Structure formats: structure tokens, C-alpha cells
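Each structure below is given as C-alpha cells.
Two complexes, one shared chain (subunit A), two partners (subunit B, subunit C).
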Partner chain A sequence: MITVVGAGPAGLAAALSAANAGESVELIESGARLGGQYWRNLPNSIVVDQQALNHDFQSGKVLREKVQAHPNITVLLNTQVWRASHEEGISILHTISGGTTREIRTNKLILATGAYDRTLPFPGWDIPGVMTPGGVQALLKGNNVKAGKKIVIAGTGPFLLPVATGLAKYGVDVVGLFEANRLRRWIWQLPALLNNISAIKEGASYLHTLRKFKVRVQRGYAVVEAHSGSDGNLSAVTVARVKSDFSVIEGSQRKVVCDVAAIGWGFTADLSLAGNLGLMQQVSLLDGGTYVVVDEHQGTSQAGIFAAGEITGIGGSKLSLAEGEIAGSAAAGSETNTSKKRKLAKFASALLRTYPVGPNWQSWLKPETTICRCEEVTLEIIEKSVLDLGATDSRTVKLFTRCGMGMCQGRICGRSVNDVVARISGKPASDADRVSSAARPIASPILLGELAQIPIVD
Partner chain B sequence: MIFFFENNEIHAIAGQTVGSALLENNVRVLRRTRFEGAPRGMFCGIGVCFDCVVTINGVANQRACLVEVEEGMRVEGFQR
Partner chain C sequence: MKQPDAIVIGAGVVGSACALGLAKAGLKVVVLDRGPVSGGTTGAGEGNILVSDKEPGPELTLAIRSRNAWFEIADEIGAGFELEAKGGIVVARTQVGATALSHLAKRQQRAGVQAHELDRSALHQLEPYLDPSIDFGFHYPADAQCQPMLSAAQMLKALRSMGGEVITGAAVRAIHTKDSAISQVVTEKEKYSTEIVINATGTWAGEIAQMAGSYLPIAPRRGFILVSAPAPNLIRHKVYDADYVANVASDSTDLQSSAVVEGTKSGTILIGASRERVGFKSDFDVSILRILARQAISLFPILASVQLMRAYRGFRPFAPDHLPVIGEDGKIKGLWHAAGHEGAGIGLAPATAEIIVGQVLAREVFMDASPFSPRRFIQESAP
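Entry: the complex of A and B
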């Protein structure tokens, strides 16, 4: 029996390939439906033009139906793994579903827990109306709700294009798409680009649609401050021209009126369960993110545990599918074909090199800027903990200030705190610092009453 | 279907999340923070950031972006 956690592209592909190899598979998903963030599968009550929002909608539907119909696959929806551990070759997953807890033991586990938008703190980013592109996309794709009437899209990376395009097609006034990186960065990645004609076509089609709706794509610009109106909601953002290191070119600042600003800086892997299971992680030289270390066949540092998709490195849905397929076959002990994955991984690397996050985003911060949203810890407080109290690493800063100790457990601020502390202390964040800022003993919230139901075994 | 936010009637479609239905009805401020009293709303939209936590039918700290609306549900953001 093979257990798969996460039913996005990687998890679905893994479940199917393991099942096709003759194994029985249990697929655990925290959401109400299969598909994950990329392929949002909707209840019948919500009607959305999925084709308009997702280039790849049909392949997702086909894959989902195959998984649902496969006699070897059991799907557990609305099921959260809130804690995992690994002992003597057995992985133990503690799940909760509708208030009922359960323990699943498995000797073959595939983790495909995905990623979420990477955010950077900046003045005003806690004003209601500042959101992530993924959040705005989820509202539209999953709920048929437009996040606002006048929306600014900003940050960096190819994901900004489909988000802006979907909103424009739905009649939202997209007042601007501000991509911090310049197009000329692609020059260094031409071979990878020319090897992926389908990606060029997809990008060109988004740009074509945006032109049709008169959405201007401005490269080399960033949203550096958000402003609230008298009702406390977002009323405008300050946009500035930025250098390649993200420092602001003085005099270029201007205000853009909007009610929502969707700002994302690539993605952060959800490593909560990987950390619980003690999987080896490392900081990627490509984008500075922390990821699970895997071999060619998606095997992790723990025997019997495989990882696929964004938690092994940000690469998009196609790479996630390829990795999932390999992980499923490898877990089932079948032959794997890694050539497709290698090609897609090259292109993913090219994307990450083309859309980096410059270190001087920190120059946008003010002393009073919130860094940790949950515990309302400002830059000033973090500075004091380093300069006055003598903290030299993120962990000590966390103990002094509570940053990263709130409800999100550092999912949003963890990486930025590493960077901020490194700058103030003059001591670069070590890989251990970065891995530990994603360590969460409890992967998702659980009520004490639910905990109390679990029988105590000696 | 109908549910209530701070005792105000909100119309929603079955399957929508509480947060999306509130946004559709132009409710953007979901709560105030416990130290500064600063307004907060939907941020990550996918259950990661916990900025949109509200009290639903008396149970605190529910993520508005994840919980789907139910008929007659009572949602509170500010009373904490």
C-alpha cells in the first residue's frame, strides 16, 4: 500500500502511476475536491469558465477522472495531516477529518504538499486589499468572485500573466501589471527558451490577451508601498522603477489608484510535513528557497519516502506531473523514465534565473513596517533584538520578538525574517537557519478537544 | 443561501467560501488585530496566512478563505 499526501498535479500523477503499477493507493487531500491549487475543481453550484482561466484545464479533468475511477485508489478528501513522524522505516501520519482523528501507518509514502505564493513585506502590505496573486486566482477560479474592481498585479514571475489575463477576461479593470524583472534577462536563457516552444506560445497568448484588454505590462517596476483610505481599505499603491537589485530609482515613484493589489514573488514550498518526517532539505542556489532533497527517482533521505512537485523545487505543473509519475512508479518498484523530467527541470531553472528577487527589496521597508503579520512584529522591533539584545540568528530573534510564532507559524514571514536578520546582523543566514524557520511540529491547527480523543499508547 | 456576518445578512452561492462571499458583498475588513487593532482581510486566500480568521458558529480561529458557507451560519470577526 502506497500513501500519497496532496492531490495537486504531482500527487494525482503519483497516485495514478503507482496504481497503474498494480499497487493499492491511498490519496489524502486537505481540500474538498481533487486538483489542488492549480486545477481548482468546483462544486456544481459554482459556474466558472474554466477554459478561460486555465490553459491546461482539460488535462486536469482527464487525470482527475482517471484517479477517481481507478479501482486501486482510495481518495480521502477534507483530510488534514496535522503531524507526521518516521520510525524504523514506517511513516505515521496523524490525520483529522471532520473532527475525527486517525493514524495512518505506511511503509511507502509520497509527499506532494505543494507551494504557496512567496510574499515580501513592504509598507502597507497588511492593509485589507493587498493580496497574493494565488489568492486572487483562487477567488476567481474557485468561487467565481472578483477580488476587486480595479486590480494591480505585481511582483515577479510567469504566474503574474495568467492571473492578470483571467481577471481581464472576467471584466476586471486590471490597472497595471508591474513585473520587477526586465525582459532582457531572458537573453541568458535563450537555449532553454527555444527548447520550450509551448511555453513561449503560452506566454505570447497571455500577452496578446492583455493587449486586447489594454492592460499595460511594465517591466522593471515594483509596488513599494500601499496606502489605505478613510475606511481602512486599500486605496492606492506606490509604484517605482527598480534596479536589478530591486533598489528604487529615486524620482520614479507614482501613485496608482486601486482597490486590490495582488503581489507575489514566486513561490514558497510547504515543507511542514517534510520537516516532521526529518527529510533532508537544502537551500536552492537558483532561488534561495528551501526544498526537499531528492534523487533522480524522487527518493528522499528517508527510506520509503518519496517527494514530488513544488516541495522539491519550484517548477510548475508540467514538471510536477513528471515528478509525480516518477515517484509513483519508483514507490511501486517499477521502472521510471526521467528524460521528460530532466528537460522540464532545465526550463524551470531558466525561469527561476530570469525572475530572481533582488536583495534590496529591504530598502523599501520603514522602521514601522510589519514583518510578522500574525504577531505584529515590526522591522524596528527586529532591529532592536539584534542591535540592542544581541540576537545573531533568526531563531534567537524569534524568541525575543515572537516573529514567526503566530498562527501561520512563519509560513508567510519566515524566509523574509531570515533575510532581514542577516542584513542587520551582517551574518548570512545559514542553511540550518533557513530550514529551521520552516520547521513546524504541528502542520495544521488542531483543537485540544480533538487531541484529547487520541488514545495514549505506551 | 443566506448567512450572517456581525448579524448582517449576506447572500452567497453554495460552495463559496465564507471569505469569498464576504468579499463579493464588499466586506473587506474581516477582523482587527489584537495588539494594534489594525484592520485585516483576506491575504493569501488559500489557508496559509491565517489573516482571515473569524469565529464561525461560536468556534474561533476559522479560516474564512477555506470554510464553505452553510445556510444560517453565524460569522463574527470583531468580537474577540
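Entry: the complex of A and C
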């Protein structure tokens, strides 16, 4: 029996390849449907043109149907793994589903828990109406809801294009599409990028569609401040031209009126379960994110645990599919072919180099800018904890200020706090500090009443 | 070579209090810690300043003085560390428990602790969400709360303003003695010549003692704290079951747990106090989390519908006789231990520092501290 956690591209591919190799597979997904964030799809009751929302919808549909129909695969939807541990080759997953808890023991585990939008704090980012591209797209793809009427899309990365395209096709007024990185970065990476013609074509088709809706990508611009109207909701954003290190070119600021700003800076891997399981993690030199360390066959530092997809490095759906397939085969003890993965990984690296996050995003911050939204911790408070109270790392700053202790458990602010503390203290964040800010012994909240009712297993 | 009057090893709450006390007495103090400020047990504490859970005796005397000393320190350094006289409520659910609790409370009262017996209506007025079947308890108004990490940091800040030095990330590599007296402390970066070393390293105090050529039987005991999602105004005091009192003094290695439940200013609810002697193993065992959840719900049924958001774990240092170790080492002159407070270190830190400062300077202290003396272990260490 092979257990797969996460039914996005990597998890689906892993489940299918393991099942095709003759193994029985249990696929655990926290959401209500297969597909994950990438192939987030509407319930059948809502009839819309799914294809319009997701360029790649058809291949996702085929894969989901194969997984659903496979006799070797049991799918557990709406099932959250709230805590996991690993001892002597056995992984223990504690799940909760509709109020029922369960303990799953497995000696073959494939972790494919994916990633979520990376956010950066800036003045006004806590105003209602400031969202992430992933959040805006999830509303559209998963709930058929338009987040706003006049939307600004900003940040960096190739993901901004499909989000803008989907919104435009759905009749939303995309009042601005601001990509912080310039075109020249793209040209520098051209040889590696040309490795993947289909992805280039996909990008070109988004640009083509956006032109039809008169949406132009403005490169070298960033949203550096958000403003609220009399009702407290977002009324406008300040957009500025930025240098390659993301510092603002003075005099370039202008206001853009909008009711929603979807701002994303790439992705952050969801490492909660990886941390529970004690998987070795490391900080990537490419994008500064923390990822699970895997070998060529997606094996992790723990015996019997494999990892695939975005938690091993941000690389998009195609790479996730390739990694999932390898992980599934490797877990089943079959031959793996890693050549496709290697090619896609080169492309993914080139993309990450094309869309870096410049360190001077921190120059957008004001002393009173909130860094941790859940606990309302401002830059000023963090500065004080370092300069005044002698905190030397993010963990200590957290203990002094409560930043990262709120409902999101540092999912949103953890990485930014690492960067902010590093700048203030003049000491780069250690890998251990970065890994520890993603450590969450309780991977997702559980009711105390549910926890109390877990049966005793000896 | 630097020549401080005293070196304090450990930048937790006990070390910070000792360092501040010595600096106030005019000594040039350097605090060394292998990690950051509050990086050990202090950083995994609830911030309990309790008198309610101590049996009458030396530890209670220490606790009563320490509780008041916390409020004096807060006034003196004029900095916030969320000190709050929240008050404790201890309940009993059985006849046996009620008898034991009454008996303990009476003895505590004689020792100077304020404890008010509560009947059903008084209890439920103080804690409206308490299980309606609970009809007996005691209110201890002196029980208090602080933010332990900030407490240490603020005391160290005050220390620096008085010319003291705090060096973090500086692990002590060697402690040299000359004629069985402290002479030198060596870290990776620096050598210090000094005659006084305060060992405030909590669970690691045994290692420091050994480094200096002595012996201290301090072992770690694991404790978990659950933190709920914000659920403001449900719980107003530190509330726990009377079994807790028996548990602290337990010699058993089996898990015995009686949750201490309290609401915090940030709206989260803390559920803590499981104690388990398992060395430095750091797993979060679901069975322990479950027991804590059960006990919390048995006190406050409403908690069943509150989410568990986070959990953390700390290692509480304890000596075989469960008494803190405060005083000069039995073998090495100039080596002073301030450790082994077993989950009460936050509360007991200021009075511990008063004993250390008094003894170092050969001044009179507020109590006979001989029961805490490390000399009690000399017999044990003899070959």
C-alpha cells in the first residue's frame, strides 16, 4: 500500500504511476475535488466554460478521470492530515475528515502538498481587497466568483498571465498588469527557456488573449502601496517603476484606482507535513525558498518517504507531473525515467532566474507597516525586538513579538520575517532559522473536541 | 583577556535575573549563551508565576518572595513584559480531591498564601464556562503571569544599560579551575578570567557542572503546551485540577498530566503542564496532545468546539528531589548553580537571583536557602 498526500498534478501523477505498477494506492486530499490548486475546478452543478479558466484544463480532466477510475486507487477527499510523524521506517498520518479522526500507518508515503502564493508585506497590504493571484483565481475557478470589478494584477512570475487572462475572459476589467521584472532578464535566460517551446507558446497565447482585451503587461513596475476608501476597502494602489533590486525610482509613483489588487511574488512550498515527518529541507539559491531535499528518484532523507511537486522546488505543473510519475514508480519499486524531469527542471530554474524577488522590496515598508497580519506586528516592533531587546534570529523575534504565532502560523509572513530580521540584524538568516519558521507541529487546525475523541491505540 | 567580576552562563529567565541582580550590586557581569536570548526552556514556558501549586516548605517560601519580586522588578526596570496578577483557581472534582485541596490550602494559608474557598456559585461567577458539575475550588489571587521571553530580554536590556554585556551564540567550551576554584571561562571566540561563574543553564546545568569538574544531577522532563485559535474571554484565570499538585512532586516516569488552562491577552487559550521524563526526545506524541485536550474539555466543555492551532514543547530541568538547585557548588569554589526549577523557573527566577546575589556577596538573604544547596549531591557523586 502506497499513501499519497495531495491530489494536485504531482499527487495525481504519483498515484497513477504507482497504481499502474500494480500497487494499491490511497490518495488523500484536503479539498472536495481532485486537481489541487492548479486544476481547481467547479462542482459539476455549476456550468461554465472551464476551458476558458484553465489553459491546461483538458489534460487535468483526463488525469483526474484516470485516477478516479483506477481499481487500485482509493481516493479520500475532504481529508486533512493534521499531524504526521515518522519512526523506524513507518509514517503515521493523523487525519480528520468530517469530524472523524483516523490514523494511517504506511511504509511508503509520497508527499505532494504543493505550494501557495508568496506574499510580500507593503504599506496597506492588510486592506480588504488586497489579495493574491492564487486567491483571486481560486474564487473564479472553484466558486465561479469574480473577486472585484476593477482588478490590478501585480507581482512577478509567469503565473500572473493566466490569472489575468482568466479574469479578462470572464469580463472583469483588468485595469493593470504589472510585472516587476524587466524583459531583459527573459532574454538572458533565453537558451534555457527555449528548451520548452510548449510553455513559451502557452505564454504567447495568454499575451495574445490579453491584447484582445486591451490589457498590456507593464514590466518593471510594482504595487508599492495600497489605499483604502471611506468604507475601509481598497480604493487604489500606488504603482511605481522599480529597479532590478526592486527599489523605487523616485518620481515614478502614480495611483491606479481599483477595488481588488491581486499581488503575488511566486510561490512558497507548504512544508508543514514535511516538517512533521522530519524531512531534510534546504534553502534554494535560486529563489531563497525552503524545499524538501530529494534524490533523483524523489526519495527524501527518511526511508520510505518520497516527495514530488512544488515542495521540492517551484517548477510548475509539468515538472510536478514528471516528478509525481517518478515518485510513484520509485515507491512501487519500478524503473524510473528521469530525463524528462531533468529537462523541465532546467526550464523551471531559468524561469526562477527570470522572475527573482529583488531584496529592496523592504524599502517599500514604513515603520508602521504590518508584517504579521494575524498578530498585527509592525516593522517598528520587529526592529525594536532586534535593536533593543537583542533578538538575533527570527525565532527569537517571534518569541518576543508574537509575529507568526497567529492563525496562519507564519504561512504568510514567515519568509518575510526571515528577510526583515536578516536586514535589521545585518546577519543573513541561517537555513535552520528559515526551516524552523515553517515548522508547524499541528499541520492544520483541529477541534479540541475532535482531538479529545481520538481512540487510544497501543 | 576580559576580566569580568562574574560570568553568568545562560540567557534565560534565571540567568537574566541573576545577572541583573549582580550588576545592581556593582559587579561587572558578562552573560554567555550558546543560543539566542530565551532560546531554551524559557522560550517554551507558559510564564507561570504560581504560589498555589507549592507545598508549604522552602519552595513555597521561595515562590512567595519571587512572586512579589517580579512586581518589584517590573517597577524598577520600567519595561513591559506582560506581568499580570491574573489569579489562579484550583478545583477538585472528587471528595478525596476536595479534602486534599482544603488541607493543602489551609497549610498554605498558614504560610502566608491568600487562598479563598469557593463554592459552586462563587466558582462559576469567576469562571462562567467551567463544567457545571464542578462545585469546589480555591481562588489564589497571588498567582500571576508574565511573558517569559520578554521578561528575560527586558532584564538583559536593563543589564546592558548598567554596563553589563550579553553575548549570544557563544557556547562555553571549557571552564578552568585553579586549586578547586573558578579561574577561567573559554568560549569559541573569547577567554574570560573570572572567579565567579553562575550556572543558569537549566536542563544543561549538569554539563556545565561537569565541565568545571563537578557534578549536578539535573535531568530534562518534557512538557507540552497546546495553543488554541483565538477564543477571547472564555477563561479568566489559571485554572487547573488539584491532581496537578501531586504531579509536580511525582517520581513516576509515566505520563501524569493535569491540564492548566488559561486565556491570554491575545485571545488564545493555553493548555499545559503535561510532564514526562523522556530525555531530549522531541516528538509530539498525539496521545499526549489528546490527554491535554481531554482534561481541558473536562474543565471547560466549551473548549471542545475551539480549534487547536499550535503546540509547543519544552524541557523542564529537575533534580532527583524535585527541589531547585541554588547555591555554591560543593566541590568548586566560585561556581554557583541556579537551575533545576522544573517548570517553575519563570516564577522562581527573581528570588533565586536574590539568593545567589546574597550568597555571592556574603550578605544576608530572605530565607534559609540550605535546602536548595547543591552540596546535597556531594554524597551521590562520591566514587
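Assume the second predicted complex is superposed on the first by the 455 of 458 C-alpha atoms of A that agree within 3 Å, B and C clash if a C-alpha of one lies under 4 Å from a C-alpha of the other, contacts with A are read in each partner's own complex, and residues count from 1 in each chain.
Quick note on the criterion: contacts are C-beta pairs under 8 Å (C-beta built on N, C-alpha and C of every residue); 3 or more make two chains touch, one makes a residue touch a chain.
Keep in mind that what you see is a predicted model, and the values were worked out from it rather than measured.
Participant: Examine A:D117 and indicate which partner it touches, taking first as subunit B and second as subunit C; both and neither are also allowed.
Facilitator: first
Participant: I'd like to know which partner A:D126 touches here: subunit B for first, subunit C for second, both or neither.
Facilitator: In the superposition, A:D126 contacts subunit B only.
Participant: After superposition on the shared chain, which partner residues are touched by A:G232: those of subunit B (first), subunit C (second), both, or neither?
Facilitator: Only subunit B is touched by A:G232; subunit C is not.
Participant: After the superposition on A, what does A:G333 contact: first (subunit B), second (subunit C), both or neither?
Facilitator: Neither subunit B nor subunit C is touched by A:G333.
Participant: Can A:M407 be said to touch subunit B (first), subunit C (second), both, or neither?
Facilitator: It touches subunit B and subunit C both.
Participant: So, does A:P445 touch the first partner subunit B, the second partner subunit C, both, or neither?
Facilitator: In the superposition, A:P445 touches subunit B and subunit C alike.
Participant: In the overlay, answer first, second, both or neither for which of subunit B and subunit C A:R83 touches.
Facilitator: In the superposition, A:R83 contacts subunit C only.
Participant: State whether A:N143 touches subunit B only (first), subunit C only (second), both chains, or neither.
Facilitator: A:N143 sits against subunit B, while subunit C stays out of touch.
Participant: Output the subunit A positions appearing in both contact lists, the one against subunit B and the one against subunit C.
Facilitator: Shared contact residues on subunit A: 406-407, 445.
Participant: In the complex, go through subunit A and note every residue touching subunit B.
Facilitator: Residue positions touching the partner: 30, 32, 37, 42-46, 116-117, 119, 126-132, 134-139, 142-145, 147, 231-233, 270, 373-374, 376, 406-408, 411-412, 445.
Participant: Would you tell me which residues of subunit C are touching subunit A in their complex?
Facilitator: Checking each residue of subunit C against subunit A gives 36-39, 43, 149-150, 153-154, 156-157, 160, 166, 168-169, 226-230, 266, 271, 283-284, 286-287, 289-290, 293-294, 296-297, 303-313.
Participant: For the complex, which residues does subunit A have touching subunit C?
Facilitator: 83, 85, 87, 94, 103, 375, 385, 388-393, 395-396, 399-400, 402, 405-407, 409, 440-442, 445-449, 451-452, 454, 456
Participant: Can you check the complex and tell me which residues of subunit B touch subunit A?
Facilitator: Those in contact with subunit A are residues 13-17, 20-21, 23-24, 28-30, 33, 35-36, 38-51, 53, 61, 65, 68.
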